[in-house]
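Both complexes shown next keep subunit A, but they swap its partner, so subunit B is in the first and subunit C is in the second.
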Partner chain A sequence: MNTALKPPNWINSSSLLSAGIVICALAALVTPAFDTGASLFADLPLTLVLLLLAALALVFVLKAAPGAGFLNGPARGTALLDAALGLAILCAAGLLIPLAHQNVGEATGGFWAVVVALWLSAWLFVERIASLQMKDPSLARAVNFAIPVAFGATLLLLWELIVTGAGVPKVLLPAPSEIWLRMTNSVPILWADFQQTFLKAVLIGYALGCGSAFITAIAIDRVPFLRRGLLPVGNLVSALPIIGVAPIMVMWFGFDWPSKAAVVIIMTFFPMLVNTVSGLAASEAMQRDLMRTYASNYWQTLIKLRLPMAMPFIFNALKINSTLALIGAIVAEFFGTPIVGMGFRISTEVGRMNVDMVWAEIAVAALAGSLFYGAIALLERAVTFWHPSIRG
Partner chain B sequence: MTDTALSPQRAGTNPFAGLMAGTAGPVAVVVLAIIAIWYMAAVALNTPFQRDVYQRGNQADVPFTQLIADTLAQDRPVLPAPHQVLTEIYETTFEKKITSKRSLIYHSGITLSSTLLGFLIGTSLGILLAIGIVHSRVLDKSLMPWVISSQTIPILAIAPMIIVVLNAVGISGLLPKAMISTYLSFFPVTVGMVKGLRSPKVIHMDLMHTYSATRIQAFWKLRLPYAVPYLFTSMKIGMAASLVGAIVGELPTGAVAGLGARLLAGSYYGQTVQIWSALLMAAFLAGSLVALIGVFEKVTLKRMGMAR
Partner chain C sequence: MTKAASVKDAAMADPAPHSRSGQKNTVIDIQNLSLTFETNDGPVHALSDIDLKIEQGDFVSFIGPSGCGKTTLLRVIADLERQTAGTITVNGVTPEQARLNRAYGYVFQAAALYPWRTIARNIALPLEIMGLPKSEQDQRIAKNMDLVNLTGFEQKYPWQLSGGMQQRASIARALAVEPDLLLMDEPFGALDEIVRDHLNEQLLQLWAKTNKTVVFVTHSIPEAVFLSTKIVVLCPRPGRIYDVIESDLPRERTLDLRETPEFLKIAHRVREGLKAGHSYED
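Right, the complex of A and B next:
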């Protein structure tokens, strides 16, 4: 690329975003926000917050402009600006959401301009904190945690504002606030479903599936012939749509949770088997020779050398299986259940067009899945503390 | 290990040792063992019902061979024997017209088309997103954690809602199912491609710098070639996932067409042979799709000079 064609240094994404914010915020103040003709000027606090946002954005543009060295104060000053930006976004969101709920589906140009301004400011904010260089490692970790949280919160905010502002029918996509309301209102139902699907089918099936696969893997490992024969077959089966056995299991074991646990066992068995077998082969010949010079027998070598070396592989399978187990149990419930369970609730409430209940159930499933995965990841850190990927 | 030290010696005494030393021999034995276990399980599971039939027909002391033959030829067995399933597959693929609603090829074709459409969209989206994540610090720090944590969420649970809601808006047919496949195949590709695009070593990136290469040139000439092996690996995972997505996507529409519909219809009417044949067909589809990507991988890597 020709260097002469390169844009000047001060036109970067940050200054472009800031310019966008200024334009949108000012546009929002002069055009009517709702079909009723009401302008955002009617709401004094919101107007002030918007002006503050525009002013902050203007400062960011000027800071990037050439010959504005006087604005580039000490680092603490910029940090203060960033904090002010974050606070202004929070205030604007807090003021705008109730306003949108008062005028559902009546939003026009002015409202959308504010939404765009908020979106751009959130983007600018994320970009600002992403560029922060933290010397303190714990502070750096906090920033690295804050960025995705800010991103997720922005998505939720946009979802809420767009759905209420445009008046999207509840059947299509409920707003996050409605989903939250439904979740808090139907805790007993959600808890019963969670108990049926997660505490019974998923956990029991997961423990049995992973446990039996682990024992099978150790048995196979003693016979090299079986290892060579079963590994390719296991790899193939891992790629197959095993979830299709769900109707068969429902026929064999009835409608209640044992059939779902059976699906979970079959789904989790092969990833665990393949990973444990390849993990048991992970120790090096030199290390095994050392164990032999210690005159350790098969079991001592297994417990003191080969199982610890296999742990990263085993935990990999346990993590993959935590998601598979939940999917297996929920999908198996589509084929027949008693009148409780997450999969049952999802399929029936979809039929009754109670989409907010479905979303609540999905939120519970997502939370349960993430916590399950997180618990296994924590256990992994404790068990494989010696592994380079954990030691860092 | 002791077995590696002993194996050459064993090869001298055992004439079959050469046959069993590779992978093909053991795999064949394992597959045969699975089929044998399947037959035994079929006999064991179907016996109670068969004894019931004999009792009702007042047939005392039926010979054992007769019992086995009868258990393997039931109309709606608890576990159909492999040959029953294969006969059903043969009858519904070769002896039915492709346009017929009872043809398994017709149903497989429907599932296959939404799988492939979803896979294509998902893979392209995944690649684009990975390129964005690799080149933008903000996207990397804000989006990547969500991409990773989204893998811990049972996404498949959304499938019925997507289908029904899109149906309510008037979008039906191929696209909603393809969307679920897209969703499932998109994450492995993104994660794999981000890893692949970052895999060039620092020294190679520095070399591109000394050539005064732009980011675009470095992308086409260094990053992308490096990412190709990762792309194929994640495409295999994505393909398997998108077939699962297409099958599950066919469940809530009320069993109209597709392999998922065959599964559901079979479970409604107790047609176990039909369920098993749909299941085997799905397994065959998944296996051949993944193998097809494997062939592409081999050819591409060979032409790029990266074959191992």
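Right, the complex of A and C next:
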């Protein structure tokens, strides 16, 4: 699509990647893939797909070569090649994964050559879609979404193939497929844990911690002596080690979620307090003078000038706290909890060597944390659209 | 009439609050005013023995080198600084009372528009603080945006406009308060020559139309002479008034005026004043 924009030097990352794919794919076809001596030749569809990959890669090499202008067809043709590349990678992965599962821990040179070929192909694919320049905004958004998805899928694919091919013990690192299987088989447990830890301890603790820190920041701003008294105390509280605080909170508030919410409050309070206090100081002297010439009172200046100016700071704290809250709630469950909760599940399943369940909880936590963070980041874009870092 | 009521009248649109027949009204009266900042390096005499009267409908410029206290004097009038000695009245009351009455509009060196508000909402800002009804706000926004030729840009954000348009919006915001007194602190200092000339002309037309009193701080001699009916030349260390020049130029002015001998004569006198006030430094 944008081959015309490429530098004249035909040795670029794209052509090098393509050359690597050709070499690896061909090497795979002539070397045994597994200890049993079986070659990938035995699998006809896989052989065909690998040959297709090699052929596509060859086309990309030739296109980049000097004097190959005749190959640079219309843009639609190039996009078609990219689509074919993506499809070939998907097919190869779909065929290779069951094969790897049939020969766990027996992979040899040929198999690893295919893994490298797939890795390079995926790399080439991501690079090619990243360089696409879409005029249509909805298409551009789709491409922007596809890049991280393709990237993450590549990582998962490599994880799956390497762990299965090398026969890594489950306790060390289960394959993504095993984690997925565990997740789909344990939906009720995972949901109950998620409810207990995230929907109760994290969200309630987060709201109370951030809310009370915000109100305290306003109080500190309004009453100067509080700034000198309360800020150091807040600092002290934030320095308390969570593994010391959590058991105390359990004694104070019981085994259920309120004690975890209390830990979350302690963890989120100080970042929010400090950021809000510095955010309230972020307005410029001229802007404050302006409000003074209007005879604006404290609350008017606060709402119309200082809080909007503080929003970038406040959202920084909200984002930091979204991850802190999750960590705090999970760790706090290590110190006494009813028999439900993500932290409880992790600590007990580790003891029973059920590492796939631990990974399933980790996956849920990662997903929930990312979505939580993403929701706050979206809200930030809507509220501080005017800030130079966002308006772009 | 009680004192509070008369103060309120002065703040409203009444053009002649203390009218005496055949005589102009004094809007700002400054006597023996001094201001000393206490700093770690000892006292700094920002203003020393200032005596000045500004009448209704005057266009007064403060001109002088940096550090002469021209901005400080304007800030004292606006109650953004307090004098350490002497007296000052604005509309017959203290600057603080005048500020609380919203007796003046202040235009800063930078536009100081809030980036999260559209131009129209920025102009609405002082009106919201004053607690005016929505219909009154809308009517004043439309009127003042038209006055500074910004109609059509209501829904733009400040960062989408040029520097000159932003400064015009900030003037509209000051005018929306409908003050009789406009205090302007080097409002066009950051703009290029062409935009500046254009805004100077617009400002003069506005002043002629509305009969407001304008106090204007600048360090540009042509700007001061072109705009003013009265030019106050200040000199530094300590900040004091060196010369007050009453301009006899006609009130109706165009940019061509700057080529005339009368204009150059006044400009020459201002320049001499600035030079003399500065000479002891060389």
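Remarks
Operating definition for what follows: the second predicted complex is superposed on the first by the 353 of 392 C-alpha atoms of A that agree within 3 Å, B and C clash if a C-alpha of one lies under 4 Å from a C-alpha of the other, contacts with A are read in each partner's own complex, and residues count from 1 in each chain.
Definition applied: a residue touches a chain if its C-beta (ideal position, glycine included) is under 8 Å from a C-beta of that chain, and two chains touch if they have at least 3 such contacts.
Worth saying up front: this structure is predicted, and the values here are computed from it rather than measured.
Of the two partner chains, subunit C is the only one that A:308 touches; subunit B does not reach it.
When the shared chain is aligned, subunit C comes close enough to touch A:286, but subunit B does not. In the superposition on chain A, A:184 makes contact with neither subunit B nor subunit C. When both complexes are overlaid on chain A, the residue A:195 reaches neither subunit B nor subunit C. When the two complexes are superposed, the chain touching more residues of subunit A, out of subunit B and subunit C, is B. Within the superposed three-chain model, A:226 lies in touch with subunit B and out of touch with subunit C [touch as defined at top].
In the overlay built on the shared chain, the residue A:300 is in contact with subunit C alone; subunit B does not reach it.
After overlaying the two complexes on the shared chain, residue contacts for A:370 are found with subunit B alone; subunit C is out of touch.
Overlaid on A, the two complexes show subunit B and subunit C touching no common residue of subunit A. Residues of subunit C touching subunit A in their complex: 78-80, 99-102, 104-106, 108-110, 112, 114-116, 125-126, 128-130, 157, 159, 177.
Partner subunit C is touched in their complex by these residues of subunit A: 284, 286-287, 289-296, 300, 304-305, 308, 384-388, 391. Those residues of subunit B that touch subunit A in the shared complex are 1, 3, 20, 22-23, 25-31, 34, 78, 137-138, 141-146, 149, 151-158, 160-161, 164-165, 168-169, 214, 216, 236, 240, 243-244, 247-248, 251-252, 259, 263-264, 266-267, 270, 272, 275-276, 278-279, 282-283, 286-287, 290.
The part of subunit A that touches subunit B in the complex is made up of residues 1, 123, 126-127, 130-131, 144, 147-148, 150-152, 171-173, 224-226, 228-230, 232-233, 236, 239-241, 243-248, 250-252, 285, 288, 322-323, 326-327, 330-331, 334-336, 342-343, 346-347, 350-351, 353, 355, 358-359, 361-362, 365-366, 369-370, 372-374.
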